[in-house]
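Consider the two complexes below, in which subunit A is the common component and subunit B and subunit C are the respective partners.
And then the complex of A and B:
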């Protein structure tokens, strides 16, 4: 390394701390104290001697032709070291997660407001920003494509990616048909539901530091969800073999899907390699809104038919997802939305279709609950509408149609693991209700809609209760070879057996570091487990997304630790001459039921290090038939959660106070129960935000609220206490029986809150978020 | 960008006289957001946080002089009884951390239609004190707001204080935001009863280019109370009066559609806030009288 990096100890733990606890316990997070004290180094805290600052010039137009770029005046500005355009991209000027369609820097056309056009490196961030203003770009402004339905079907609109080979501006079309298509039902309800664009709203903006290396490669320190995916795409843009791009994880300030696509990665490396100096980039909040993908907004038509006694006969659905300017995860959104679009219910006859499209709106991609969040708002609204039409209890209607182990979904996949949806609903119904509001008592206004803003002293408050049950796939699907790699080692340090776990799997706040330590403690019988900094010197882990890391990387850590343990046993056998078959490691000692303590692990290890690297692959999945959407096993696992929301609504002002938001979820095996409660409460808060306030407002391709001043997320006064009831119905196919946890509560919370607001107001409320103007009928 | 810290009011006024382009900063609640977004790029900042004359409040003959630099947190803890409307407004400002820094002086200097203090200042008939090396003057706050984020201060003047009569009757403030805390107002309303002069004061925010009084509503309600003899003999307010008051407040608004809400929602919500706050103040007046009697 050619420069001194002033960074962060990248250890995730203060090594003087002693934390213990194996699988099933709730040890503290190793990085918890550092974070609470403010001592934890995030990627934006990085620095290096003689470092330059990078900045990005972005398109002011959603759709325009670039007719000229003059970098001369910017380059001549004192303190500026480099001004780069697409002509300076050393490798292939294209990247993308699923479809390689996005330029590193725009060439002859810009397809969204905020698209990177040029880069500057300067000796301080202010100079870099000023230099951006000196770059003269000539744009020929074009009429943007902003209507996703027209983008799917109207051949008269310009094709934004003419080389894609797709029809019109389609990224993916997927139908799923099963059963009879001419069937009739006693009772039919239908509706069109729309969902706004949600932001991940992570607190740590995109940031990273690139340091040119003497071998012609580059060292990158950054916050991401998937080091190897970033490396692959960055190396391609730089024209380097992947091993010349060495990435190390720095502290991640939240992700929620927003760090799956490249942001600063290729840019910061280009500037570092061009100038020969370390370069740092940090987006500010506004730039961050332009610099990462958002959740796909959707328009969904749903029709449910049922018998008079409430048995679902058919579901028909038509769903449109606006992917914006580049494909990102749009194909997966369409796949998830269509395969999960009936909800956790058995439906004999299904006709579902999903369209994901290119437009000139902001690019949309991964966000917690990918592609499952949108249809859940629709199918759960439909279940309540159906219950009303049938004059049936909404929970009973759901239970009557709930999937269970052995159920066959509309893709043809049979659930060969527990699917206790009926039980989740029953338990949710039985959770204690919050106390009724006493109209005679002097209220604390902070408990009422409007909170401290003093809008009501109890006038016009209506309470409502709503339920939602949802289904989510876990891990990558549709035939992807989903795997993770772990390296585990064991050695004696200062008379104590110490394990080390090394993966590339991103800790994004979800608690994976804790889980890895717990698994190693359980499998290796030692107390002290260090987590090696995540980097690309170990094999791929895949992304911290799709609720998959405890399952997949957990599986890899378990396998690597088991291999280390086997090696330890072999050495013990060699050293001791003979070991019994029931040998185990407990508290740093080799023990057996029959022989008691046989030896200290430290004695067996001596000066040697045992190190094993293992991959864990989940069982294969299969693609959907493009015409029928049938697949033997499209998803490796499904997860289920049920939320019950209780809200108070100020019916005159349309303000909402969520009074309770309680969850019942099946987690297969609770590896860390406290961390699971945290994930469920956090996920529920994010889902509630989408139901009542979170929306990136886009008009004519422009974001109108790119700030936390106007993109609102819930505060503590918006967030109720949450009861969480965890079920453990192990999945026999998964390590320890685990089931993905992180996404389901985000999906079920929002529809439950909207259902409760509907119950309180009697309104249809077909748009999420339901703002005060929707609730008062003044949306204009 | 220069950053100059003034040590005294004379010092601050001298600097402002020399450099009328310089932007004063106290808590920075609005200003720092503008700078961070690159919406504003001041040639220099004049830090007023060390000016002792701005940091205190005092009372004389029933009038409070509130130094421009007194933070919201102190208004809440020290002036809740004297200036209940303003203290209620202060409670709705942002978060506790920002209330420790943010000031009414800064709110006035920014003169945003959504400034939380403004409706309460209007309802109380506050006066803004402006100072320069040329001298000190006072003007009614209703005349201070000239257009969107513009005020009547001359380039060499600083907002040094506001003067408000100590409350002689009940006051209320209510603000609609799209979450339950830490939110910019979608619309806000304040009402104050001034029984000693048989008047009603009002102010609303975020529903016109500037914070405004609803003069017709004030006259209507004070007229009703006077003609019914209810200042001296308070009885429950008829619903028709409350309803009409709400209509007149809504009619005074000239709101726009923006990212925070629609014009039609703002007008509607303002009417609701006006009805409710008028009801609360009158109930307080009623019960307060009864308690005294």
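And then the complex of A and C:
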């Protein structure tokens, strides 16, 4: 396979490997065999004897008062076991990740099209769907709030959350100011950039199975990014203590942020507990578009000032984020966007402000690259604009201003770890280019914009190249106590030492199960490592988000394994009389350089199991000053990536073919190089989608394209070959030196593609995605 | 209604099939074969791809009744007992599986491609897999997997 496989190039780094499949290698995933056989149980595949099917009635209006609900006819329908409304919510009818503002089922008002109003349980999914149609809800339709800027500033608009204490419909306002505010610059460029609403479009729909338990609690099998966060919110809604809500992870068909908020969790439990039967819920694709949050659309004004020789003097930015009906992650989006809004550049004078608001548009929350994707489209467009104004090479301009270790960001945080942005840019520039199109040769139309649609044979095609460099924070920030818990054990099974790792950290496809095995192999020196299913019988792991799990849960697994190893050494010392100080475990044996092999691990273990549970907390971060945005350490770590995109554009039809999308990224330490390449390529493809095709069309608060027919994500035909160059500049504060990987490529790919389209066409293109209508100038 | 069909070489006779249901629903909910996935039920994602009398189809777009008397092969029928099919093994080895939700459909589609065209070019691979969405991988490792499977089948 060598000729074809896109093997990553890596900077060399020492880590002596004593066993195969440890840290730094690329063993294959432990769940892979089941997955290729079709035997891996996703949350939508579950079933139980005597099971009912749940369904959700959703509001058809973006904003309305509910004046009455009649469930009688639905309840009388044969096969229907329950019809529930807000009156049946046993606990507190409120949930939310950061701000508890969202009803489990709507009470007197609905705030978005798609808001859950009632639930049905029936003996068949089709019966449940029909029963939904029999529920009569009287709505008094209200004028929706849909303009995010007005929502922030206009006191005349209705307040959508009057009890929130917010000013107007503001969820969070955050300014960051640093340096002088009255500076002038030789060259100034400015622009207003807008970004459409993107969908995570994970393939596995929201789904789960709840089984009522004899102790009055409930067992839930589901797909999520954070079991404990779900449990906390669900228990509150059910009025149960958290330990009565026991959650177990099923197979997760992708997540990308869209599974951070609750979807089916509280609903399916309510139905199960009400009927006393197992209940399953599965959304279809259309419902999925209404059933999870999306990426915040944004409007951003940016102004960059620089000296004539290309040194940034100041950045001014004003950013608005439409959070839709409920807060979800809006506060974090504002925090990330403002703290990362200057990009990976040193800027002495900064004046940035961000507003996140409530409207009656679809709720927005977490998606890969949270709050960092939006400003990257703006600041990277600005860097290119500035390069043009200065008549400078855009890569050189970026390198001149790139942050490095020791740089101070506009929050006042000093980067006390490697930040090799200049090097990333240099390496990106040097990556081999795809071959030029030969104008004399008859082209394969499949390689051209429009492809098999046969819209061109090479005429009106312009090629462009674009670069983007970005910055992303890793893990939770602004003072959150971010931690994970791992239980590790070691025992002899059939004459072999076998380790087990148990965490609640969600495997969502990214390969965390593999990473956990690798860490245990490296720390415990044994080949066989079993991964216990994720559930809530072990401590919290936090969410599989913010590129944090290899760092945080990886740190917890490492700590737990180290504790197991220490215990093993103590037992060895007790059994053998004494042991040398340079004791190590290699390949199931206790060894030391001075004494050679001392004993088999299985001998020391005997019949006993060594088990240790450890938490890993990253070093503390601190909140932003509410007025100045200053903070000594707002983010525990930053990650950086650079993309270079090459595109061909049909300038007549506005069709784009991305020809190459190559990435250079610093990962600190490549724990599993092949999996990292997969993350980078997959992440980049989502970023490319946002640049050229992905947008949830919302007008008057309504989603106009809730299907895969109308909301397009890249196919294999849309996606180019992607080279990946991995840099390993370890972060001394992180376990093994790792740096978060998952999000940066999603952030840098999109701006690079847009830059390439601008280079090909000479257009400004201030909106992402840039569709044919933007490129041909026919956008309304 | 009653439905007779063969799936992965085994004869099934099932009652109570609703006239409006898809072959995908029958496979997943009545025959206990949830390997084929439902990600859109609209013919857009290919996660539900199965062989219907040796032709790959989106089983969500086939009415169950249309499969009467037919022979269906799903992802669960690709391996020979313990031994994975070359295409399955190649997806594993090339790292083409992340969340794996797209994998069952892609495996059937790629299996069919290599049967028909043992030495596909990159352009042919892309064209043949254009109806199978994957949201995780960016398709590069899927390309690697199909090339690898073709190579392996050629030498075996």
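Convention: the second predicted complex is superposed on the first by the 760 of 780 C-alpha atoms of A that agree within 3 Å, B and C clash if a C-alpha of one lies under 4 Å from a C-alpha of the other, contacts with A are read in each partner's own complex, and residues count from 1 in each chain.
One rule holds for everything that comes next: a contact is a pair of C-beta atoms (placed from the backbone, for glycine too) under 8 Å apart; a residue touches a chain by one contact, two chains touch by 3 or more.
In this text, all values refer to a predicted model and were calculated from it rather than measured experimentally.
K.L.:
Check the residue A:284 against both partner chains and state whether it touches subunit B (first), subunit C (second), both, or neither.
P.N.:
After superposing on A, A:284 lies in contact with both subunit B and subunit C.
K.L.:
Tell me the contact category for A:657 with respect to subunit B and subunit C: first, second, both or neither.
P.N.:
first
K.L.:
Which of the two partners, first being subunit B and second being subunit C, lies in contact with A:776: first, second, both, or neither?
P.N.:
first
K.L.:
Examine A:717 and indicate which partner it touches, taking first as subunit B and second as subunit C; both and neither are also allowed.
P.N.:
Both subunit B and subunit C are touched by A:717.
K.L.:
Quick one: classify A:704 as touching subunit B (first), subunit C (second), both or neither.
P.N.:
In the superposition, A:704 contacts subunit B only.
K.L.:
Could you look at A:693 and tell me whether it touches subunit B, subunit C, both or neither (first, second, both, neither)?
P.N.:
The answer is first: A:693 touches subunit B but not subunit C.
K.L.:
Kindly classify A:674 by the partners it touches after superposition: subunit B alone (first), subunit C alone (second), both, or neither?
P.N.:
second
K.L.:
Quick one: is A:592 in contact with subunit B, with subunit C, with both, or with neither? Answer first, second, both or neither.
P.N.:
neither
K.L.:
Mind working out whether A:456 is in touch with subunit B, subunit C, both or neither, as first, second, both or neither?
P.N.:
In the superposition, A:456 touches subunit B alone.
K.L.:
Please name the chain, subunit B or subunit C, that touches the greater number of residues in subunit A.
P.N.:
C
K.L.:
On subunit A, which stretch or stretches are contacted by subunit B in one complex as well as by subunit C in the other?
P.N.:
284-285, 446, 452, 707, 709, 715-717
K.L.:
Could you please specify the touching residues of subunit A with respect to subunit B in the complex?
P.N.:
129, 284-286, 446, 449-457, 459, 652-655, 657, 693, 697, 704-705, 707, 709-710, 712, 714-718, 771-773, 776, 778-780
K.L.:
Under the touch definition given earlier, write down the residues of subunit C that touch subunit A in their complex.
P.N.:
By the definition above, subunit C touches subunit A via 18, 20, 28, 33-42, 44-45, 47, 74-76, 78-79, 84, 88-89, 91-95, 97-104, 107, 123, 125-127, 129-144, 147-148, 151.
K.L.:
Can you name the residues of subunit A that touch subunit C in the complex?
P.N.:
On the subunit A side, the touching residues are 1, 4-6, 26, 28-29, 31-33, 35-42, 44-45, 126, 200-205, 251-254, 256, 282, 284-285, 444, 446-447, 452, 508-511, 674-675, 677-678, 681-686, 707-709, 713, 715-717, 719, 721-722.
K.L.:
Quick check: in the complex, which residue numbers of subunit B touch subunit A?
P.N.:
Going through subunit B, the ones touching subunit A are 33, 36-38, 88, 91-92, 172-186, 257, 259-265, 268-269, 272-273, 276, 280.
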